[in-house]
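Labels run A, B, C and D following the written order; every chain starts at residue 1.
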Amino acid sequence: MTALPLDVARQIVAAAREAGRKHDLKPLTVVVLDAGGHVVAVEREDGASTKRFEIAFGKAHGAVALGLGSRALMARAEQQPYFIAAATSAIGGALVPVPGGVLVRSADGELVGAVGVSGDTSDNDELAAVAGIEAVGLSPQTG
Amino acid sequence: MTALPLDVARQIVAAAREAGRKHDLKPLTVVVLDAGGHVVAVEREDGASTKRFEIAFGKAHGAVALGLGSRALMARAEQQPYFIAAATSAIGGALVPVPGGVLVRSADGELVGAVGVSGDTSDNDELAAVAGIEAVGLSPQTG
Amino acid sequence: MTALPLDVARQIVAAAREAGRKHDLKPLTVVVLDAGGHVVAVEREDGASTKRFEIAFGKAHGAVALGLGSRALMARAEQQPYFIAAATSAIGGALVPVPGGVLVRSADGELVGAVGVSGDTSDNDELAAVAGIEAVGLSPQTG
Amino acid sequence: MTALPLDVARQIVAAAREAGRKHDLKPLTVVVLDAGGHVVAVEREDGASTKRFEIAFGKAHGAVALGLGSRALMARAEQQPYFIAAATSAIGGALVPVPGGVLVRSADGELVGAVGVSGDTSDNDELAAVAGIEAVGLSPQTG
């Protein structure tokens, strides 16, 4: 069952891409997952390299898997790279610990999904993910 | 480089989903890949089970990998199940040999991508994929 | 160390492709491995589907791995599919048990490598592999 | 569909190997991929060690996957080793972040493939890849 309705996911994708255009970012790939870590919606913009889905998915999937935005996973990777390597292996390979994987929470703090963005710098990817989430009135958690 | 522009991929997804509503199908997941087998666009409808992206991706990815619609891959699986098992392993795991993975060709027959649909019966999944491809004036290859 | 010199491998590829043209076969992918099962030369003809290298490699690699042409591996798969599935897993995933993976032996019977071809029917793939091997005066073992 | 015709790929391989001879490099393995990251042509010179195909493929495949020459991937690995480890896992294992994986662009900047070379120092591997690409009038992107 989808915790994040497809209509909302599509609005998040559209708003994240719009933020990309507004800030003149490189072609973005935007992935929206539900609270179970499963794909709801994806769009890869023209000119993005081949495996951007896999990178964006890894940011969002790692975030849902460990319950932290991927910025916090980067901090952990800086401190304990062996933990992140082990966790990546343990969860089956999809965990990309750099900014751009953002948890989505409802007004009362419930986890409803995650957004992963890849294509520009990690900071800019995160900016686009946050813009997408805020555009639908939900709360982003980046770290 | 995307062989199938995102705008066209989104129209395919919309038309495939519309076919699903018109024929009263169960919630569909629609995946559009470029000619290299890489994700361009995905939408998973509310109520679809968790791993429908993976199933729909496997139909489309197997089709691109071997250059045949997934209906032809099913015929091969019926005759030589060990070949399909071996090919799946050889290409890295994503090949689902039942109808619903349809190659997308241009007017002059060039391969431009593939569409995978999962959610209803395999025949109905294929029907929705074909409807999506025809709606943008491209040619579906189901077998 | 290469058991099959690159110059010979390139002649095998050229002759296998020439056989494909002579018999009007679909676009072929030809892979030549040395006696250790490692890639020496590959050519994928224009119009071949994306994963044909992986399929052709799997035919030749499985042949070297078990010391039998892939036609004999198919016979084994018909009789004991669980053995072929287990062997595939045990050797790391690359074993495609249909004709087209042919061992290459010297005049005195020593194993010097293997050729894998994919693109047309399995029987035609094997025909092209055999033609390539015979063109350089070496002996093909198909089963 | 092959974005880089086999005839052009073969010329790239020949020119890269010629550069190796001219500069007295160790035996080289040269891999040419299309824009989707799929093998078009490979040659491994006599005396190269067994897994040079896998290394050269990983350089070129990582470059296509992330849209950067492998020299840029090395810079990223120096700064954030955990990112490169994570990306490698996310894209399925083939990403070698040292020089020698070079993107191939057309005159108007479109990505048409990638070349990976392994055998000598990484800098020399890159030199040979660049020579191969320039010999056919295409543009190399090393970083």
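Here, a contact is a pair of C-beta atoms (placed from the backbone, for glycine too) under 8 Å apart; a residue touches a chain by one contact, two chains touch by 3 or more.
Treat the numbers as computed from the prediction; the structure is a model and nothing was measured.
Novice: Shared touching chains for chain B and chain C?
Specialist: Output, common partners of chain B and chain C: D.
Novice: When I count C-beta pairs in contact, which pair ends up with more: A-D or C-D?
Specialist: The greater number of contacts lies at A-D.
Novice: At what distance in angstrom does the C-alpha mean of chain C lie from that of chain A?
Specialist: The separation of the two C-alpha centroids amounts to 43 Å.
Novice: Between chain C and chain D, what distance separates the C-alpha centroids? Give it in angstrom.
Specialist: A distance of 25 Å separates the two centres.
Novice: Can you work out the whole-Å distance between the CA centroids of chain A and chain D?
Specialist: Distance between chain centres: 30 Å.
Novice: Send over the residues of chain A in touch with two or more other chains.
Specialist: In chain A, 48, 50-51 touch at least two other chains.
Novice: How would one label the connectivity among the chains shown: line, ring, star, complete, or other?
Specialist: Basically it's none of the tidy shapes, so other.
Novice: Please list each pair of chains that are touching.
Specialist: A-B, A-D, B-C, B-D, C-D
Novice: Could you please specify the touching residues of chain C with respect to chain D in the complex?
Specialist: Chain C residues touching chain D: 1-2, 5-6, 10, 36, 38-48, 50-51, 53.
Novice: Quick check on the complex: what are the chain C residues that touch chain B?
Specialist: Interface residues on the chain C side: 48-52, 54-55, 57-58, 62, 74, 77-78, 81, 84-85, 88-89, 93-98.
Novice: Once bound in the complex, which stretches of chain D touch chain A?
Specialist: Per the touch definition, chain D meets chain A at residues 35-37, 64-68, 80-83, 85-87, 89-92, 111.
Novice: Under the touch definition given earlier, write down the residues of chain D that touch chain B in their complex.
Specialist: Residues 1, 3, 34-38, 92, 110-112.
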